[in-house]
Structures are given as structure tokens and as C-alpha cells.
Amino acid sequence: MNFASDNAYGAAPEILDAIVAANEGAVASYGDDPFTNRLKTRMATLFERDVAVFPVITGTAANVLALSTLCPPHGAVVCHAAAHIMVDECGGVEFFTHGAQLVPIPGEHGKLTPVAIERALKRFRKGDAHSVQPAVISITEATEAGTIYTLKEIADIASLARAHGLKLHIDGARFANALAHLGCSPAEAIWGVDALSFGATKNGALGAEAVIFFDPTDARDFEYRRMKGGHLLSKMRFVSAQLLAYTENGRWLAWAARANSLAQRLAQGLAAVADAEIVHPVEANAIFARLPDRTIAQLRAKGAHFYDWGTSENGRTLARFVTSFATPEADIERFLDLMRGK
Amino acid sequence: MNFASDNAYGAAPEILDAIVAANEGAVASYGDDPFTNRLKTRMATLFERDVAVFPVITGTAANVLALSTLCPPHGAVVCHAAAHIMVDECGGVEFFTHGAQLVPIPGEHGKLTPVAIERALKRFRKGDAHSVQPAVISITEATEAGTIYTLKEIADIASLARAHGLKLHIDGARFANALAHLGCSPAEAIWGVDALSFGATKNGALGAEAVIFFDPTDARDFEYRRMKGGHLLSKMRFVSAQLLAYTENGRWLAWAARANSLAQRLAQGLAAVADAEIVHPVEANAIFARLPDRTIAQLRAKGAHFYDWGTSENGRTLARFVTSFATPEADIERFLDLMRGK
Amino acid sequence: MNFASDNAYGAAPEILDAIVAANEGAVASYGDDPFTNRLKTRMATLFERDVAVFPVITGTAANVLALSTLCPPHGAVVCHAAAHIMVDECGGVEFFTHGAQLVPIPGEHGKLTPVAIERALKRFRKGDAHSVQPAVISITEATEAGTIYTLKEIADIASLARAHGLKLHIDGARFANALAHLGCSPAEAIWGVDALSFGATKNGALGAEAVIFFDPTDARDFEYRRMKGGHLLSKMRFVSAQLLAYTENGRWLAWAARANSLAQRLAQGLAAVADAEIVHPVEANAIFARLPDRTIAQLRAKGAHFYDWGTSENGRTLARFVTSFATPEADIERFLDLMRGK
Amino acid sequence: MNFASDNAYGAAPEILDAIVAANEGAVASYGDDPFTNRLKTRMATLFERDVAVFPVITGTAANVLALSTLCPPHGAVVCHAAAHIMVDECGGVEFFTHGAQLVPIPGEHGKLTPVAIERALKRFRKGDAHSVQPAVISITEATEAGTIYTLKEIADIASLARAHGLKLHIDGARFANALAHLGCSPAEAIWGVDALSFGATKNGALGAEAVIFFDPTDARDFEYRRMKGGHLLSKMRFVSAQLLAYTENGRWLAWAARANSLAQRLAQGLAAVADAEIVHPVEANAIFARLPDRTIAQLRAKGAHFYDWGTSENGRTLARFVTSFATPEADIERFLDLMRGK
């Protein structure tokens, strides 16, 4: 029963098949291969516009390379206080941007709101060299809290970004989970967005992400940044092949839908247990539940893996449970049985 | 009537005299001169211990060089949300540390408290490579709010720093104002402190600051960082001579005491005016007063210079008034007359 | 006939099998998995000492992370003028070290000599803050010229490094090719070496390299640097599994030996052709031959892929031919037939 | 007898007078003062075009800020192998550019030639992300060897720069010495040049340099870089006042002419001594002479200060002698007497 992370599971068989299939013969290295070229067409089709696409191997690489392309060293990136770029990337954005500042903004259920962003922007003096200059808003879709911005919410933030001359970036480590929930097209989900960290690793890939710029002119220096960062893979075909297989026949959405639906099942089960308090709407593939410490200990003793999210208070601790494309359904049932004291 | 900044005034005559006196003859450049050597003895005497002393030309240089010496690229520097390093140095700390993160903590009257620091430290996972690792606490003495940490308050923060294995840095751009208020010795004021940005520019120097490490082994790489940052002056004697003249015969404390006392006079005058609300205790040389926008406009029309601190709310705006070693006493009286509608 | 790069071929079937085998079940992410743990034991056994091992995904990542761990921002890295870190990593070392300087040294057949290093070191003033301070010597084994340092040559450079207080790093993108040629044990090949970029990608892996420190205390900050650089893989098991399969049963050395022997075959064939001048001893898996431009054009017209190495001079151009673990033997014969005008 | 550096002497009395005169009253800080505004007009007049002017306090600051404005992180700066930015700034350019590469080019008498630059540029693959991309040529005028580029030589390099799409920067730490020698107008001396590090410190200022961009649009980000680097002075008026006094009434050229002429006198005296071999044409204020080690020891024993330039070979060592605006004429005569064994 591993609910620790959607990274705990390996790759989907279709992804492994695609890797094996891509192994045939000699091709040009460093991205000048047929797979990477096909990926560009694929993404342009998916997002219904001309795009610049750059495969990389980690979500952090995607985020830091995208943001350093959009934000100058004297800039600032507005994000949620709990964003991955803020709390889980060891200062990677500060490093790759050469000293830009992250502006952490609190917000209910992992979401930024236009009001909160407007308030945060006020403390920066535009054009005053003493002050870093806000350059990018970065939102996470699905959020770190397992919630999902609606299209209206993204559009409102996009309008605000445009009004302030800011770029809008999406950390889409769980973009598929968001799309599966929203039921909209990829193109609809990125209206007003400048760059997307398109994640696949958490949802069935072996290791594959892509930075996508929706205005290719924004990507000007990207190739140099990727190389300088050590993120240009020689055998790129294997990353591109994963992304092709991932986005083929709606697989990515089906896998994400499965993870989401397991999360729903788990959440419903938990909600029926008196002692569990679910703190965020469950919309993607994560559940945050405050449980008695005793229950948590028992669950772990029976072999359930999951993370505490903060420390114990008044005998209860917030715990995070993540489902994935590969989580066995039986694990959900077994876990709920444990919760019910069986 | 210039209350905009303590930088608005030039240098004290004694400082200019010292510069002229230091001009005699040829000496070694880059700090290997008699003035700089004498400065080391001077600071060791003042702080009653062995110290490493490095003159620089700006307060920002002092802060960023000191902090990048104490904090690794994967580290974090805890500071007040309104600290100069946070809001006025354009991401200098992030740049010089190569990507360390600043951790802004709110706090009444510009001060950090051990409780607030403890709370902030909790969100970093010690030893987890995903998380930046807190390495330094930086406090400002006197604070950006014109208040002054008591010796007890500093000692408590120093104890907390030691307990967590953190270094303690003081941004002492207005260190003389703090000392003049506290009435203690310099050595007492830095108990438990690892590094001090020792400011003189705001208090009568032409341009002179020093980074002081109270354990010289902490300073190991400093000379390279200063050079690499373009902050090693060839004619260093002129900076060192300023710092010598500044700390001679208690001048620095007398000048700061004058500025503090003018601030008291101004604050008392303002307090007697119905419409003025002073928002922080006036302990150093700055007054923060919420005034009717109409009053503010009238004061400016009559020639008073000062900064708004934020934007107008409900017809009132917070304004900052700073006094200095050289502010004419008559300006205070004239200003108060204006306030009284004369 | 692809002799462009050893990156042009995909992965060996044994590597793909290992990836598929590693896909089973849920494991901890970010390197806390059984595969990565086993890899540490494997490398300690191979190198006959306690080691710190960090899998990464590109050779550039391995180099820049290793070097930035060993070299401070005010340091310098001595390397061959044609080293990958000098001419092929887009300033990655300068970026990750935060501004250290590379010191390019010319040398016959891609090799540094103690005499050339000594000469280069002379121009740096030890302890003078104006001058970057040499901190690391980085050699490439096998070299960019397709030659291989003898154990004696490495030992001499190691002695020089020790005498000057410098660390010694090996860029081992083709380390297996060197070992296969030298016929010594891995432990013998790294005598006096502090860190190794252990390459597998060019020799049959899908994408797998490792940074190995032979004194684990040198690795202190490495995990933070890897994370901050975006180089910590969530599904690390797949990289570690590749490295395990690679080093199992002497596979890596057999694959490299095959590539080396194909290079010998190609070199011998070329040597028999009047017009070809081989400019470096062929010891690893690359041949550098100066050929008539006409011949080059004909070879390309017939479908041979390879790189020009510099520009045409007097009707001749230097060309590089690289063989790999997977180059078809028939391609060598067909290429030589073409050379012979058949 | 101090010939160690033109930094060994203090400031000219006119400079000190200007500082004292600038001390009057309160003015806006950080460069929004009448002196700094007047400086802009002064420089526009001197260089006969619209310029962007930024006073800073060290030559290294001027160089690293100018170059990081012109050269992206993935760029390269071509310079002479003995350039100050290459050997005396501790990797400052690499740090401020965030990892650009310096390309050291040897050249007789401290000068770059178009042929040598062309040759160096060849090894960079344009548009290939593996390779840093040359972005700037930086020449030093007067050079580190005490020689001076002719207007023709600069124009030829400028043409080459334009042809390759590169910017041209002059490190003008001794720009006045060059102008005094060339006898041309400042405007003539910067034909085809994009940015100038305009030095005054070595030639009579207390501490004052300026970065000048000849196309103000190039300066876009400069103010942020200067602040972020800790190089924005609060009491800027004192730097600007120095530069105003310096460039008033041709003082700077007169002072430089004096230094140059003392160097001529010294060189002629040395030339008459059998044992001295002058290795570079003496055009500015420095003489490089190879002298017997015995002579060098005797000169030092008699109180002469100067630097060895490299180490002893065959009983002789290259020594550098620098004259300045303030070197006493009598020192020249006394030194020559010593050389003549008197």
C-alpha cells in the first residue's frame, strides 16, 4: 500500500514498449532525431498552436529552465507559498535565474487568487533598482494541495498577468490529472499561459518532462540554458519516445483519470470514517487528511506508506495520500478496511 | 527640510579632514596600507576580541559579502520581511550566495522574535536535499522601523541561532544609532553575533562600511569574494581613514546620539498634533507617522522632503521621516511649525 | 554507416532488460531504493574502496556537479584545451561553480603533461585575491583525441596534483574504453584520483552516468547541488538499474573492447589508403583522419555519417570517426570499401 | 621611489577640493543628484553623442558590470591573455555574467589583432548549444603592457566586431594615458566602441570610474545589475563630483600626459644602461624592463618599489615600473642614478 508519491511506481508498459521500439538503429543525438521532431508536431496539435518544445528529464529541470528563460536576474517569480519551486527545489529557481527572488503567497487549498497576487505585487516599486521586479506568475496545476484551478480561475490570473506585463507559467507536474478532471482540451487549459512544465513522470513515464513555450519567440535562449545546465540528453530519442507514447490515444488522460478516480474512492472511504478530516477538496490524485496519531501509527504498522505533512498537533497529524496510474485498486480497499479497524 | 534619508547629507568635516590627511605620499594599494592595518587594531579594541575586518564602500556590499561567506548556495537566510536585504537590495543576497533563499518573517516594529523564527524554521526539512537549509539569521540593528533590539532580545536570538547551528548576522547600517540608544559598549552589543555589517555612511562618512567577523576563521574566503565582486578598492586607505576618524573619540556615537535626539524632538512634536499617529516606538533616527494626505501634500508644498511608506488608505498615508548627524535643528522646528499649521 | 558519435546508437538489450525488470512494484523515490543502494556496493567493490556514488543522467551533469563540488567560485580548473568541459558544455562549469575559471592547456594527442600543467600553474599568484586559485586538474580518460593516458601518466599527474594541493578529476565519459585498452582493474585506473565522472551512456546505456568520489567526505554538499541543479531523478531506480546491468559480468568492458577493436579495424583499413593521414594514435574508439575534401564528400554521398573536426585547409579536412558497442561490423567493411573506391 | 602602481599615490588636490565642495547641503541619494546629472551632460559633450553613464567605485566593477550587460551567460568574451579581466579580477566576469567564458588570446605587446581574433573565433560553433557563443571583444586601452592601440587598430577591431555581430568594450583604466598619447579627441578614440570602462582612479581620483554606453539602449538592465552587485552608492554625488573635476579643463589629460612623460624619461634613462632590456614600446605610463636579478635587489635595497612580472630566468627578471600623475620627478632621477651605480 504505497500512497507516498506518484513517483513510487515505475513506468507504464506502453512507455517501456515505446522505449524498446525507439532503440532501433542509429539516429542523430541531442534532439535532432525523428522522435523529437515528431514530438513538436504532436504538441502543436495538442495545444492547437505553434509551440517550442524541449524535452527534459526532471520536473525541477523543466521549472527552473522555463522560469530562468522568462525571468531576468533582477526579477521576481510570484508563486504559492507551498509551490514545489518554493519548498522542494532547493533554491533551484534562484540558482538558474542568477538570483531572482521567489515571492511566496499564501492561499487556501494551494491556490493563488488575483486578489492575493495584486496585494503581493504592491510591495515592489516598479522601475526602482533597489527592488526586484516581478516578471512571472507561476501556478501549479493540479496544485500541491490536490486541487485544480478552474478555467475561469486561470483566465483571471492570466488577465492580471497581462495587465501587469508579467508572464504566466504553469508547473504541470500533474497537468494530466488536471485535464482529466476539467474535461477540457489541452488548448483550453493553457489560455493566456506563456510556458508549461509538462509532466509525464508522475503519471506513467519512466522519466520525461517537457518545457513548452506557447510563443516560440520566448524560447530564444532556451537551448543554451538547457545545455549549460547539463540537461541536454544525448540519447534524446528515448525521452521524446516516452512523451509520444504518453500522449498517444489519450493514454495520459486515461491514466490520470484512473489515479483521480482512485483518489475519489479513497477520499469517500475516509470521509465515512469519523476520525478523518479531509482538509482540501479532492480533485486530482492526492488526499490530505488529518488523522489521529494513533491511527497513523497503526496504518504504518500494517504496511501503508504515506507522508506526514507537518508535525503532530493535539494528537492529530496531517497526512498526504497519493494515488497513481498504477496504484492497485485492492490497495485502496485494503487501506480502507484498515481505517475501519478491520 | 530633508527627512528623506540619512544619506541625503554629505560627510562630517572630521571625515573630510581625515581623507585629506590620508592623501600624503605613496602607500601600498588594495588594503596593505597603514590605515587599514590600524583599522584592524581599532576594531579589535572596540569589540574587545580578535576580529577580521574588511572595509567596503556600500552597505549592500557589506551585507551580500558577509552573508555569502556564511551561507552556502543551498542555504537560507532568515530575516524580517521588511529587511533591507529582502526588499532593497534587488536580490543581491540571492546573487552573491548563488541561489540561497531569503526567508521573510513578519514581526511587529521591524523585529524578529525567537518564537517567530522557530515557527519559520519548522517548514524546512533538515538534511532533505529538496529543501534549502537555514544557515543564517540576519537581524537589522537599528531596525528598518526605527526600533532597536535590546541586548536581551539579541541574546535570545543568538541562543536560538546556536541551538539550531545557525550563524547570526547583524545588518548594522545604523549600528551607531543603536549603540547610542542602548548605552552599552560595542562588545556588549554583539554578544553571540558572528558577523556585522558595520555602517558609517549613513552617519557621517562619505562612503565607508566594514564587514567584521568575530571569529576570523569564518572569514576564510572573504577576500576572494570581495575581489570577485569588484569590491576591493585600490586606494583603500581612504575608506579605512574614514572608519578610523569615525570611531575616534566617540565621534560616531556622538553623531548618532544627535540624530536620535532630533528624532525624539520631532516625534514629540508630532505626538502633540492631533492628526499624527506614530506607529513604531521612536528609538533610533526614524519616525513612521500616519498622516492625513492633505497634511502630507501641504508639508511637501512647503519644501519638506520625506518618503511615503506604502499607499494611501482612507485618506491617510504612512510617512517616514529620518534625521541625521547633520540635520539642522532649525529644520525640525520649522517642520513642527508647519504641522501646527503655522 | 554512422560514425558520428557513440551516442548515435541506442541502448544494449541487456540495459533495456534491466530497465524492464526494475519496473516491478513500488519503491521509494529519489534514490532511496534497493537498486541505488546496491549500486553503492557495486562501485565500492569495483574500485576497492569506500566511495560516494551519485547517479545522474548526462555526462555534462556529472562533470559540472563533480567540479563545482571540488572547486570554489574563486578557483580554477586546469584542463586540456580540447576538453569537453572547455569546448562542449556551454560554460556549464563556470555556471555551476559560480564563476570559477577554466584553464585550457594545449597538449599533443589530447593529453595534459605534468610539464605543461606546471607551466600553466605558474601564472597564478597563490593567495593573491586578484588571481583565481587553481583547485582541480581535470583529465579526460579516454581523451577527446581517442588516446588513453597510461597508468604512469595518470600517476604522475596525480603526484603533481597532490604536491600543489589540487584535486584530480577524471571525465570518464569513455572510461570503459580506457579500461578495456589498459587491461588494468578499475581500482588501478583511479589511483590518486579524487572524483570520476563515470560514463555509461556512450557505451550502451540508455542514459546513465555516475559521479563517484573516492573520499566520501569530499561529497558533503553534493546532494544539494544535484537537487538545486535539477538533476535528482524521482524514479532513480531506472538509472541505477542501468548502471548495475552495465557493470555486471564485465559487460561494460566487453562492449568497450568491441568498440575499440572496431576502431582498430577501421584505422588499419584507413592507414592502408594512401590519402588518409591518421593524426592521433588510435587507442580508444575514435579515429581522427585528415582526408581529401573530395573523399569526404564522396563518403557522405554514399551515406557515411561523421563529423568534420575544424575547417578545410589545403583541400583536406580533419574528420572524426567514432565506433560504438553497437556499430555493425559490416559498416566498417563497407566504409573501407568506399575508401578504396569500390 | 614608488613605481609599484599608479594606485600607490592618493588623489590630486583638485579632486579633494571637488569632494569638499560637493559636501554642501542635502541632495537626493543614489545618483539622483545635480552632480550625477551634470556628469551625463559632461560625458555626452566629451564623446560627442548621447551616452548612458554610470559611476562606480572600482575598475573591476566597471568591467564586470559592463561585460555582464553585453554578454549573456552562454556567451564568450574575447580578450588578451594578459587582460585585467582575465588575470586580475578573480573570475569576476565569469561570476557577473553567470558563467560566460573568457577567451584569452596571446598577442605581442599586450595587443589583440584582427587576425588573432579571427583565428580564435573559428573554434566556436555558431548556433550550436554545446558551444559558448562569442558576444564581446574587450580590449584594454592603454594596454597592460604599457602600449596603446592606434585609432586604426581600434577601427579594424571594431569592423571585425561588427562583421561578426560582436560588441566592442574598452577597459579604459588608463584611458587618459592613451588619449594623451594619441592626441585625438575622446570621440575619435571610441569610434565603433559600444562600452567603455572609463577610469579615473589610477590617474588622480580618490576612487571614481564610470561605465559609459555609447548606445544607451544597450544599458537597459544596467541599473539593476549595479544595485544587485552592491555597486550603487548612496552618496553618489562624491563620485560624480570627482569625475566632473577630473574632466574639467583638460585636467585628466594633463595629469596623464605628465605620467606618460615621466615614463618616457625613465625609459630613456634605462635604455642608456647596458644591462636593461625594455621589452615593450613605452607609450603610456608603464615600463617593462628585463634586469639582472642583482640590479633588482640593489634597487629594492635602496628603497625602490616595483613589481616583478614573472619569475627569474637566467639571472634576469622582468620588472614593471609605473609612473603616475603624482610621481615626484626627483624620484625618476634618483632611480636612474641608482641604475647608473651612483
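Note that the chains take the letters A, B, C and D in the order they are written out, and that residue 1 is the start of every chain.
In this section, contacts are C-beta pairs under 8 Å (C-beta built on N, C-alpha and C of every residue); 3 or more make two chains touch, one makes a residue touch a chain.
Not measured: the values here are computed from a predicted model.
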{"item": "Subunit C and subunit A - chains in contact with each", "value": "B, D"}
{"item": "Furthest chain, CA centroid comparison against subunit B", "value": "C"}
{"item": "Averaged-CA centre spacing for the pair subunit D and subunit C, given as whole angstrom", "value": "41"}
{"item": "Distance from subunit D to subunit B - Cα centre to Cα centre, in angstrom", "value": "34"}
{"item": "Inter-chain centre distance, subunit A versus subunit D - centres from mean C-alpha coordinates, in Å", "value": "51"}
{"item": "Shared interface positions of subunit D, touching two or more other chains", "value": "30, 73-74, 89-92, 95-96, 98-99, 129-130, 224, 227-228, 232"}
{"item": "For the subunit B and subunit C complex, residues of the former touching the latter", "value": "30, 72-74, 98-99, 129-130, 133, 221, 223-228, 232"}
{"item": "Residues of subunit C that touch subunit A when the two form their complex", "value": "2, 4-5, 7-11, 16, 19-20, 22-30, 56-65, 89-92, 95-96, 201-202, 206-207, 224, 227-235, 237-238, 305, 326"}
{"item": "Complex contacts: residues of subunit D adjacent to subunit C", "value": "73-74, 76, 87-92, 94-96, 98-102, 122-123, 129-132, 310-311"}
